[in-house]
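Going in written order, the chains are labelled A, B and C, and every chain counts its residues from 1.
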Amino acid sequence: MSSEPTPLLALDLTGTFAFGLNGALTAVRAARLDVVGVVVLGMITALGGGFIRDVLIDSLPPATLLDWRFYTLAAVGGVIAFALGKYLRRIEAAITVFDAIGLSTFAVIGASKALQSGLGVAPAVLLGVVTAVGGGTIRDMLVGQVPSVLSSGLYAIPALVGAAVTVVTIQLGVYGLPAALGSALVCFLVRMLGLYFSLDAPEPPETRRHK
Amino acid sequence: MSSEPTPLLALDLTGTFAFGLNGALTAVRAARLDVVGVVVLGMITALGGGFIRDVLIDSLPPATLLDWRFYTLAAVGGVIAFALGKYLRRIEAAITVFDAIGLSTFAVIGASKALQSGLGVAPAVLLGVVTAVGGGTIRDMLVGQVPSVLSSGLYAIPALVGAAVTVVTIQLGVYGLPAALGSALVCFLVRMLGLYFSLDAPEPPETRRHK
Amino acid sequence: MSSEPTPLLALDLTGTFAFGLNGALTAVRAARLDVVGVVVLGMITALGGGFIRDVLIDSLPPATLLDWRFYTLAAVGGVIAFALGKYLRRIEAAITVFDAIGLSTFAVIGASKALQSGLGVAPAVLLGVVTAVGGGTIRDMLVGQVPSVLSSGLYAIPALVGAAVTVVTIQLGVYGLPAALGSALVCFLVRMLGLYFSLDAPEPPETRRHK
């Protein structure tokens, strides 16, 4: 079972469910899948980033395979997406907000776990980002698409900012529940601003020219 | 060296060879590859699922890299597929049967290893499926195809059934060689029925409508 | 910090930078990416092969995440590729040479680490190859291409030769800095000959016929 303080755990579980749901919905749109494919891709979206982090910091088996609430919520999200996909498109805006909660929580928890495992500051920030975007990246690879996180929209950048703020508060010795929630909020706001203004990260000079 | 009882070990080695052979044949059909590519994709098909399982249950280095018979048989399967691909198509039905033996054995052994490593019932079933279908999934990703296991045919479902039966017999305290062989047989029969009747797992409601 | 002898460490760092640079350049050509995508794909090219090796030999966290020089050089290579991609094409020949230095060094160090971790001769050679070509393979998967290493050019074969020579010298008890540099040189020369004469590894009989 997780030893996170309750508010952070609640966000973590919320994010896991949202990633399972949204990941499965995205997969359904990209490829023809059967029920196994949809649920598995939802679970991979929700759990995959944490798997990569836990493998690289040698914390195995992964935390989310040891706590039934995580893998169950991820699977339930996938099943709901399979059964109700059509209706869920009407509440896409709400799902995007919950997805951003997942992004923020995963970036903060991922960076903090990586730093606690003895990694340096930069790899810890990197693993925070990997925790947040790794699952969606594996899903995109599986359905044959270039991962959207590599090419469009502000998705990795907010995670990077949230993970960096987390690591700074830990290094300053002020990390705790308020700092964790604050770091997650920073990530969440950057993500929301990016969505609202349809911001993209800069592209290589040459690519930009040809647009 | 493996400590499995002899009949299970024989099935495990047979399955490894069959996965190496069939995996390489599938890869050749999907993409233009040289000899390195064909043999490597055969080996990945045969060993990849077990690698993922062993990484996640922290049993490293993977068992199949420590026992020369496994990686050698996987490579031999790939080499035969490279050299004799054309002729092997005539015995495709036989290869499919041997492939189903691999699927069944891998699901049973994978689930049992995962449960013994301390994971819960649901993650153990999941890792049984991953052991059985993970290698083929990585192969499909490498040749740029949406993994067939996510979209068509009864391939993951038989593995799921076999892994579930395995976990149930372990929980009931009746696991042993007969139970393992019985669980594998259940998986094998479901797979054969699926092939015979060309069954597919259900697709999302909306997709189905558009067919 | 790495405990490699200085000349080998210098080659290892050079190769890491070259892989980061060349990996990012290749990624830019294959897909539309933003700055995050380019730098991440450069880092994955440079560090990914070693990650897979370190996971499989259970040497975690990966060495290159514990030594800041490696991940920093990989990132700097990616940033330079992002900013100066257009100009770098003029010195493509030089970059290919530096890339071959990386290939050679990674194959030798990878095989030697795998053998020291207790694996047998064949898996050690295999992991030498994986160290050398694994990062580029993950990059190609991420940008939606069949990994070039599986289909064209002499890229895996030189790594295989270099890793095999390394393992032989270790088994003969004559491994040391001169043997390591010699093994890397063999790999480097095979790679250069392959480039110069545009050699390919053999393809399956049937494919060849249809050319």
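Criterion: a contact is a pair of C-beta atoms (placed from the backbone, for glycine too) under 8 Å apart; a residue touches a chain by one contact, two chains touch by 3 or more.
Only a predicted model underlies this, so the values are computations on that prediction, with no experimental measurement involved.
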| item | value |
| --- | --- |
| Cα superposition angle of subunit B on its copy subunit C, in degrees to the nearest 5 | 120 |
| Fraction-based call for subunit B against subunit A, same above half, different below | different |
| Mean-CA-position distance for subunit B and subunit A (Å) | 29 |
| Multi-partner residues of subunit C (each touching 2 or more other chains) | 55, 141, 144 |
| Of all residues in subunit C, those that touch subunit A in their complex | 28, 31-38, 40-41, 51, 55, 60-62, 65-66, 68, 71-72, 82-83, 85-86, 141-144 |
| Residues of subunit A defined as touching subunit C within the complex | 55-58, 117-120, 122-123, 126, 137, 141, 144-147, 149-152, 156-157, 160, 200-207 |
